[in-house]
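Next up, some structures in structure tokens.
In the two complexes below, chain A is the common chain; its partner is chain B in one and chain C in the other.
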Partner chain A sequence: MTSPTATHFAPRPGLGRTWERGALWLFRVATYFIVLCGAFVFGQIFWRGAPTVFTAHAPFVNVAFFTEAPESLHVFAYQGEKMELGDRAFNAFKAAHADAGAIKDDSYVYSAGGIFPCIVGTMLLVAGSMGIALFLGVSSAIYLNEYARDSAFVRFIRLAILNLAGVPSIVFGLFGFGMFVIFFGWNVSLLAGWFTLAFMVLPVVITASEESLKAVPKGFREGSLALGATKWQTIRKNVLPYALPGILTSSILGIARVAGETAPIMFTAAYVVRDKLPWEGLEKWTDFFFQGVMALPYHIYVVSSKIPQNEYTARVQYGTAFVFLLIVALIASTSIVLRSRLRNRYKW
Partner chain B sequence: MSAATLSPMERLPAPPPSSPSLAVAPVAAMSAPAADLPPSRPIIDIDHVDFFYGQSQALHDVSLRLDEKKVTAFIGPSGCGKSTLLRCLNRMNDLIDGARVAKGSIRIRGIDIHAPAVDVIELRKRVGMVFQKSNPFPKSIYENITYGLRLQGVKDKGRLDAVVEKSLRGAALWDEVKDRLHASGLGLSGGQQQRLCIARAIAVEPDIILMDEPCSALDPISTSKVEELIHELKKEFTIVIVTHNMQQAARCSDQTAFFYLGRLIEFAATRTIFMNPSNPQTEAYVSGRFG
Partner chain C sequence: MASTRIPPSPETQADATPAATSAGFLANKARFRFFGLTLDGCIKAFFGGNAVVAVLVLTLITIFLFKEGGGFFAQNRANLQIYRQAGLEYVDFIRAQTTGHTALTHELSDLRLRQFHRLTEAGKSLAEANAALAGFDEFANQFGDAIIPLRGLLSDLTETATALKSKFATTENLKIARQQLLAAGKTAEADKIVISEVNFDAELKPLLGTLPAYQAASAETAAKITAALTVKPALPTPELQARLEQFKMLAAAYVADFPAVEKNLRAWDYRQPVPFFRSITSFIFGRDWIAQSSWQEWYGILPLFVGSLMVSFVALLFAVPLGIGAAIYINQLASPAEQRIVKPCIEFISAIPSVVLGFFGVIFLGENLRLLSQQSWLAWVPGFPFSERLNILTAGCLLALIAVPTIFTLAEDSLNNVPRAFKEASFALGASRLQTIIKVIVPASLSGIISAVLLGLGRVIGETMVVLLCAGNRIAIPDFTAGLAVITQPVHTMTGLIAQEMGEVPVGSIGRHALFMIGLVLFFLSLLINWLAQKIVRRYRIAID
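After this line comes the complex of A and B, so read on.
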């Protein structure tokens, strides 16, 4: 015989518990599925990119892949041995061997050498667009949050900015092409790429900055104004410093995402191939801003869809993707380190 | 506003004690001096002020004359407009959309603070404020106190050091924090934080200090410290304090203004308000029967 209390707390018959368990499993499986997909993608890139990036012997990193420009790969048989050489090595080989004139080689474009110009180009694009986006974005967030009085017009601007975030990247690419490349006459150039990418991250930067500014207590502003500070002094000394960690973190993460986009730069800033590095052969220093660059995402696009595919292209594709992931991870972790540093300085 | 008109407050001489101030004389007849107080120099002259937040009127025809180097308490039930009036005095209400003084004028040392020639920045340097919720900046104690001076371009380390010590001593905080001037102001206790805010306000050497319920978040011991402080401060500053604490008003103010529903009901010496109020509403409020 059961005691009355036990009966009182006994489970009621019905579907309730089944639903409970079902819901739990649904959410659990969905989560595991995502993790699995992510693990598969990263694993694939790591697994297939690692042989290109790392080597079996010291210094264990394929330095050439990081420091050289892409070259064509020449594959040929010489004295019964299969040779795989990049452009320069192949030319040196031909010069060194008198009988090399008769060699018949197969050449595979971009399958040898490294991706140094792409790394440089992407770094430049990221740095420049971040500078522009931070300046424009933080300025307009300050205007919207600190100066503008709440009006229909300001609400409209906010709405427009939010909508900007939903615009597909290819549209930004075309916008940049029409605006900066054609209308401003900047041609395919760093500057055009910077502005196009900057416009793309602007919604993120503005929204993040507004959030961060809002999080600064009103008391800091009033306290400062009551001491005879002007509005701008108050913002500069007693609002912006505390908002900065949030602004930087979100903006850098936004940039890291946008840096991976191909569409916005393919009409505005990216070259398929460029033999000079950005700082080489400039006639005037201003030419620096008006040159196109190679970039990692565009390079991946080119080597995986614009050139004939063969057994040799995969290593460049995966190697580049691997390096690219590393760089993006680096940028993201910079932002996290930065945040914790700044956070510790200004806490309230 | 052009640079030439920037700082009338600063250049303004205090009216000579022998003759009543010329600027104040014409309006003196219309405003209400504290009844039964020996005449003293009025520093703030609030003259028939109507104040609006958008469409809703928060102050109705308020007239008050506050004397220099005296403590004036504003009392009254919640929502009666004490803070609103206080924030009018350093034009803190300018920050609020649609808030405006619709009628009347506020003069400080005879100067209409809403006159176009008055720079609100200069006004606020002369009229400091301590807030209900203590708001030390997330900076070091030292930086908190030198904030106002640095804004004015003072860089001389010696002078800043001297001001920090003087202000902290003035706010009865020096002994407690002298060994950690460079630690964050947020590491202090609630009462210490409020005194830090007072020290920060007196560091810029204003004429007037406005305090909006400065003790409402403090324990009794911190409160009595701040009250002692107010007693000391009135030697140098004119103080206006908003409080809900009747004992506090009775203890530390010289004159008291009682507000109700946006109107000034009675303004007199604190003793009179508490012992012998002329208005029955005042009597009811100070004796705790409503509010």
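After this line comes the complex of A and C, so read on.
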């Protein structure tokens, strides 16, 4: 039995109280439902993709999947045995066995080999576009935060950045296609993809850079200026070094966005399939920039919509999605971890 | 002489410096100048120039979308003009008549199917059921055959009109080829191209000459239908009988419409020009998007727009309660440890690339939702069971997962901005936690929450890969008469169509310009949503001071 003083301030049980508790639980359920949904998508792809990516024996990773180009898979029966071979292995097999000419095989496109060209293409796209975006973005952030005073012009620029952030990625794709591919005549190329992606991610970089610049205390600048340094000297020696880690970590989020987007590169940079790797067969060095590449997200789109679904294709589908998700998730979590680290590092 | 041109050596400069300082301020010293700017000024101009890039990109997007999409309306008008000139419009009047008949026969076969089910459920064998419906079948066949004379005429006319249209297209192509040759300076070769202008007046004569034949066919059809309608097949239940009566009324109305069609045909004149606004209205309100057709191409954005809206609506239906609920929970109710763990988790969801979600929908969610819908205990849900694996619901569920992190993060931010004092005051007045949240915290941050929802909408409506892979890609306005079940129908969306068709349409074709027009619509839609979100935040922000 509780004493009367203890129950005095305790909430009285009743209909209202039960109702409230139920409502509060509803909020909790909503939260964990979201987390569960996200975890389920991750889990499903990891679970189904892991058998393709990992192997049961050393080196435990399916090396071929990471180092080879996509091939067609040939499934056939030979002397009562069921064989599954990729293009090259199948041709070698036919050459080795004289009686193999009459084999009837089922072939599945993209279902053998690996995704090496796609990984390379995605990395090239990310590196180039982030280079452009960081250069443009950090410079504009420096201008907006260090040089500009509040004027109609600056407000206009800020408005433009805000609106640019809301433009759908497919519209960036259309724009890149209209401007770089058609108008500049670059065709489907790395360069067109770089600029399209860079412009898409520009608002993210600018906002992130501005925030990091703002976090540097005013005193740093004032002290430097008071010692007779010019504005540029102040920025270079006393502001940027402290803002740079923040700029870079926040921009990693931009990398995740660039790596994950498909729509902007569909008609500006991505090829469905390309035999050569980007550094192979170049006549002159500028050709490097004017070639299309294979990219992971586009490859996933192709294998999930353009080829039939069965047990043979599912392996490469889930495997590619797994690798891609892993890469993007790693980038994103790096950003999150680094950002929380950074928050603890500088305290002023 | 030569010595005067030699620039002062560093030593002399250094010697001169003390003199300069003593003579005046250091600031007056001659500095590096470029276009009249000092080094610092140059650096500032450089950074400022880069800052303008955002404005520049927005302008360029607008310019290029207009440049590529701008030609659309003129082309579409030409498209509509030839539709009229080649007599396709004329033929389509008659086609509409036969389409109306087809719809009526569909109704009849649906009626028969229901009766058949009724009979077999009552324990009759298939043969018995068929025998019982013999009277009805005779009636249905009679009605169905009535259209044959009209249909025969229609197929002849279709051929004539198509031939005329392709003849016109060939002439136009020749003209273009000649122009190109002339531009290239090859006059002799250009002269070799013989262009015979299409004489529509003469070419349309045979088409228009079929009017008496049409009148005869139409009269025959009308007579046959009227004759068929006098038959009174008996139906097993009063409910179905009522539907049959309704059908008869519809059929009578259909026949009564024949004179109007004939009047249209008589009044039709291929010389009538197509006004320019028709090209615009047919884009905005057109209910068909048929690209690359042998008959006639139609570019109406309505089915795509409705598709995009429906998918976004379903997505927000899930995402808004979940996102805002989670934001309230994390911000107001969760313990700090819970906050630290759950918040990054939800934000992490936004890192899942949309193409992976689309892939997940194609390979897993679509099929499993379909299987789930076929469970008998879920039959009460509107639209269940459905047979299409990819539909509005599948795409909506996945888009909800995309919208949730956006809505959650922004809503949580705005909840966070509500001053502590509000909450404390509410508690001090004896309000419970739920009361405080609903009556104080949420209203105080409502503007932020609404703009969070709007930005979520912007995110969802511009999303491409998920809808391209999971929305079903059928270009048609969903059938809203199905009520809530409409969410289980496949649709096509604006973003999805661009992504799907961009690679297939040839340069300079009307199809490509039409896709850029959709891009333009999307672009301005996103600007509008963004603008609204900002406006709401600014206008209704509670002044807290």
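Operating definition for what follows: the second predicted complex is superposed on the first by the 309 of 348 C-alpha atoms of A that agree within 3 Å, B and C clash if a C-alpha of one lies under 4 Å from a C-alpha of the other, contacts with A are read in each partner's own complex, and residues count from 1 in each chain.
The criterion applied here is as follows: contacts are C-beta pairs under 8 Å (C-beta built on N, C-alpha and C of every residue); 3 or more make two chains touch, one makes a residue touch a chain.
For clarity, every value in this text was computed on a predicted model and none was experimentally measured.
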Of chain B and chain C, the chain that contacts the larger number of chain A residues: C
Touched partner set for A:83, first chain B, second chain C, both or neither: neither
Chain B versus chain C as contact partner of A:217, first or second or both or neither: first
Touching partner for A:103 - first (chain B), second (chain C), both, neither: neither
Touching partner for A:225 - first (chain B), second (chain C), both, neither: first
Which of chain B and chain C A:143 touches, first, second, both or neither: second
Partner chain(s) touched by A:64 [first = chain B, second = chain C, both, neither]: neither
Partner chain in contact with A:182 - chain B first, chain C second, else both or neither: second
Chain B versus chain C as contact partner of A:238, first or second or both or neither: first
Common interface positions of chain A, toward chain B and toward chain C: 230
Chain C partner contacts - residues on chain A that touch it in the complex: 11, 16-17, 19-20, 23-24, 26-28, 30-35, 37-39, 41-42, 44-45, 135-136, 139-140, 142-144, 146-148, 156-157, 160-175, 177-179, 182-183, 199, 202-203, 206, 230-232, 256, 259-263, 266-267, 297-298, 300-301, 304-305, 309, 314, 317-318, 321, 324-325, 328-329, 331-333, 336
Residue ranges of chain B in contact with chain A within the complex: 90, 92, 95, 97, 121-122, 124-125, 128-129, 131, 133, 135, 137-138, 147-148, 151-152, 184, 186, 197, 200-201, 204
Chain A-facing residues of chain C, complex: 39-40, 43-44, 46-48, 50-55, 57-58, 60-61, 64-65, 67-68, 321-323, 325-326, 328-330, 333-334, 342, 344-349, 351-360, 362-364, 401, 404, 408, 432-435, 455, 458, 461-465, 468-469, 495, 498-499, 502-503, 507, 515-516, 519, 522-523, 526-527, 529-531, 534
Contact set on chain A toward chain B in their complex: 149-150, 217, 219-220, 222-230, 233, 237-238, 242, 346-348
